[in-house]
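Paired with chain B in one complex and with chain C in the other, chain A is shared by the two complexes that follow.
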Partner chain A sequence: MITVIKIAIIGFGVIGRGVAEVLLEKKEEIQNRIGEYSIVAVCEKDGVAYNPDGLGWEVLKMKGGDFSEGSTVDIIETAEFDVAIEVTPTDIKKGEPGLTHISECLEKGSHVITSNKGPLVVAYSKLQELAERNEVQLMFEATVGGGMPLIKLVRNDLAGNEIDSIRGILNGTCNYILSRMESEKLTYNQVLTEAKELGIAEADPTYDVEGIDSAAKVVIIANALLNMDITYDDVEIEGITAITPEAFEVAMERDYTIRLIGEVSRETGSLKVSPRLISTHHPLAVTGTLNAVQIRTDLAKDIVVIGRGAGQKETSSAIISDLIEIFRK
Partner chain B sequence: MAIVSIVVELKDQPGQLLRALEPISRYGGNILGILHQREKMTPLKIIPVEISIKIDENRVEDMINAIKENGVNVRSYNEIRLVATTSALLVGHIIHTDLSDTVRKIDKTGYAEVIDMHINMPQLNEPSTAMITISATGKEKLQDAMKLLNEVCRNKDILVIEPLNEEY
Partner chain C sequence: MITVIKIAIIGFGVIGRGVAEVLLEKKEEIQNRIGEYSIVAVCEKDGVAYNPDGLGWEVLKMKGGDFSEGSTVDIIETAEFDVAIEVTPTDIKKGEPGLTHISECLEKGSHVITSNKGPLVVAYSKLQELAERNEVQLMFEATVGGGMPLIKLVRNDLAGNEIDSIRGILNGTCNYILSRMESEKLTYNQVLTEAKELGIAEADPTYDVEGIDSAAKVVIIANALLNMDITYDDVEIEGITAITPEAFEVAMERDYTIRLIGEVSRETGSLKVSPRLISTHHPLAVTGTLNAVQIRTDLAKDIVVIGRGAGQKETSSAIISDLIEIFRK
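Up next is the complex of A and B:
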């Protein structure tokens, strides 16, 4: 029986700090649901902070030099914690460093909550087996759709349904670019420049605009929610860079617009990310940086969820809900 | 809707074609193509002319009868019932890469036809856009036609934006 839940945060960038802040700020509400907890370790590239009695607000102010020397792997091996929140940057080719972190945490019997797509894309079934063998849970709501509920929605609330297909807008950057091209009749490059200025697109936007990020999410959805066993290479990928303002013009004449859609369908066997024509009245025709997903099931039929796909607080929402799911009293 | 291909026999004289076409328009048929098979002209100077028509499938018989009543010999006709239709956007150098070849590849399947096309060309040498509508004899055939379209366009570096609706 755990008396105080000990939490380790691995990766202390925007997301890691966001989660720590929510854990400190909403401590009372969360403790009402799961019991007492404390953050015992924070791991960064530059070093670590560890206190078995718990770290407080001071941890949020820590920068590079404030951390003590030590590696994340040392903390995972030596420190005592019940759940690791793994939020290091994603590498969808090798899955590292997250893959090593998650494997070692599960191996030592710690639950893992992650927002990191890479390890799941590379080794989903292996990690799930590892979790089962060690009788712990691997939770990853934050990997798909950020603050928009999807993983637990399907697993818990749609339990008993057969999932026929899941498809939708899985990347807010692409959706911003496409919906601005639609409304302002601007070129792809004009909107991309604007999106970079607003911090919506990265300096190197390849990962988003080429459909790579969406494809990684398609892999997670297929494996985790449709019980498939697929890899990144199984997904057909087409990005949004070739889309012109005239394409929107022609589409709009028939009341269509264009969105980048990730699709997993059992019926058609389709596993793809591609720009698609959709009716402007379709629930997936959302604008701005929103994400939207349509889940097609045998019993409940169609369910649509719309929400914010990225952001510090939004991602924290998904991580905190995973934490509550694991330790719910 | 159906696509009907009729072969009529016309004398090589002015005004002949009109006698075949008038009933088609009277029955609301949309003429997709007319092909004079001059190389098949008979010794009596009769030319087989193939006319492709898109028409309400319930009016095919009446239209054929009306053509016959106009004094035109209908050598043969065959009908493709098109029950599934979808549209897709093509973006790229559609014209430079021989649009008619792309359309012909679909039409040659025998089970699918390009029934409508709307092209937007912004400037010379800039990518253009076409909304292409394809009908086929069934859902599966339509999927096959879309696969073929994707294949042809991939080779020509044209982006195909397919619809999301599953009413394939």
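Up next is the complex of A and C:
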């Protein structure tokens, strides 16, 4: 029996700090759902903080202050914790360093909650087997759609349904660019410049605009929600860099718009990310940085869910809901 | 320890038969999630069928055949079951007969899953207390939005969030009428006649078009998801019968449409059902018999979910997901 749930946070950037903040600020409400908890370890590239009795507010709020030298892997091997929140930067080719972190945590019998797509894209079925063998859970609501519920929605709220297909807008940066091209009749490069200025696009936007991020999410959706066993290379990918204002003009004349759609379909066997025509009145025709997904099922038919695909608080929402799912009384 | 989950179905109309069918047809998949189960009792107004070893396919498929005289209340008192699926017709004034059924099932220590709004509108907090006292669960995903996930989505997938407001389209009949008035420029009465012919509106459509059904759902949302303690009389209600084609014309000129919106807001204290102007590009501007709800939260911000608010399979989806939620391994 766990008396106090011991939490390790691995990765202490925007997401890690955001989660720590919510765990501190909403302690009473969350403890009502899962019982007492305490953050015992925080790890980042440059150092670690560990206290088996729980780290104080100061350490968690002020990154750095009380961090001592030490490696994340050492903490994973030696510290005692019940659940690791793995939120290091993602690498979808090798999955590292998250893959090592998650594997070792599961191996030692700790639950894992992650926002890190890479490890799941590279080794989903291996990690699931590891979790099952060690009788712990691997949760990853935050990997797809940020604050938008999708993983638990399909697995639990639509439990009993067969999932025929899932398709939608899985990348807020692309959706921002496309919806600005639509409304302002600007070129791709004009909007990209604007998006970089606003911090919506990275200095090197390749990962988003070439459809790589969306494809990683397609892999997770296919494996986790449609019980497939696919890899990144199985996904046909086309990004948004070649879309012209003229293409929008033609689409808009017929009351359509263009959106980057990721799609997994059992019926058609389709696994792809590509720009698609969407009726402006279709629920997937969302604007700005929103994400939107349509789930086609046998009993409930079509379900659409729309929400924010990124952001510190939004991602924390997904991670906290996973934590409550694992431990709720 | 439960070895075989014993299920009683109370009410054997369209919904009850639909649930029985799914429980039979998807037995293998559902048993993978919750373990072995068997339908031991089916009750309806005119008779009951009970077999502690499980009722056969024939009884469940062919209503009537093997039903013997007997009362539902007798079955509830004497039969052994772990969960009752209460799907009798709803009466939102008195809540009966569902209120008696649900109370007695909870009292005897059986979980209850219901699609019946009446008992929850009349006595939500009393029923929840009864469930807690008897250490069983009262589940009611099917009461709001049919196949559209909402109750578990808010409670579990958005766990950790504070819910500021929930508003949306909670009645498919009204939405059908309004979206046809919009697209075909017909009068309310013309579309109502069409809707009756198609079986979308009842011969007496009062319950839907006067906003009563939506208001019942507002009461359930407020009490179950925003921890309020309100009754039907607290909801300000205006239906759709007075909406004219001219009103649509004025709205459409400004790229708006009219929808019947149910709203619970902690911020504004608003508890109401009324026709509202909605931008045609807003995700809530769904057409046909769809339901759509926007949930405003502190962490995940705005989440929208869209789905089918009624239908035999759709409602079964909600009930089966509740069953899996209670018993999942």
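We adopt the following convention: the second predicted complex is superposed on the first by the 322 of 329 C-alpha atoms of A that agree within 3 Å, B and C clash if a C-alpha of one lies under 4 Å from a C-alpha of the other, contacts with A are read in each partner's own complex, and residues count from 1 in each chain.
Here is the rule we go by: a contact is a pair of C-beta atoms (placed from the backbone, for glycine too) under 8 Å apart; a residue touches a chain by one contact, two chains touch by 3 or more.
In this text the structure is predicted, and so the values were computed from the model without any measurement.
Student: Name the contact category of A:Ala247: first (chain B only), second (chain C only), both, or neither.
Tutor: Once the two structures are laid over each other on A, A:Ala247 reaches chain B alone.
Student: Figure out whether A:Ile303 sits in contact with chain B (first) or chain C (second), or with both, or with neither.
Tutor: Second partner only, chain C.
Student: So, does A:Gly147 touch the first partner chain B, the second partner chain C, both, or neither?
Tutor: It touches chain C, and chain B stays clear.
Student: Under the stated touch criterion, which partner chain does A:Ser125 make contact with: chain B (first), chain C (second), both, or neither?
Tutor: neither
Student: Touching A:Leu277, do we find chain B (first), chain C (second), both, or neither?
Tutor: first
Student: Touching A:Asn189, do we find chain B (first), chain C (second), both, or neither?
Tutor: Neither partner.
Student: Output check: A:Glu238 vs chain B and chain C. Expected answer is one of first, second, both, neither. What do you get?
Tutor: A:Glu238 contacts chain B only, not chain C.
Student: For A:Tyr256, decide between first (touching chain B), second (touching chain C), both and neither.
Tutor: In the superposed model, A:Tyr256 contacts chain B only, not chain C.
Student: Could you figure out whether chain B or chain C reaches more residues of chain A?
Tutor: Comparing touch counts on chain A for chain B and chain C gives C.
Student: Shared contact residues on chain A for chain B and chain C?
Tutor: Chain A residues touching both partners: none found.
Student: In the complex, go through chain A and note every residue touching chain B.
Tutor: Checking each residue of chain A against chain B gives 167, 238, 242-244, 246-247, 249-251, 253-254, 256, 258-259, 261, 274-279, 282, 284.
Student: What residues of chain B sit close enough to touch chain A in their complex?
Tutor: The touching residues are 87-89, 91-92, 118, 120, 122, 126-131, 159, 161-165.
Student: Applying the document's contact rule, which stretches of chain C touch chain A when the two form their complex?
Tutor: Contacts found on chain C: 22, 26, 29-30, 33, 141, 147-149, 152-153, 156-162, 280-281, 283, 285-287, 292, 297-308, 311, 313-314, 316-318, 320-321, 323-325, 328.
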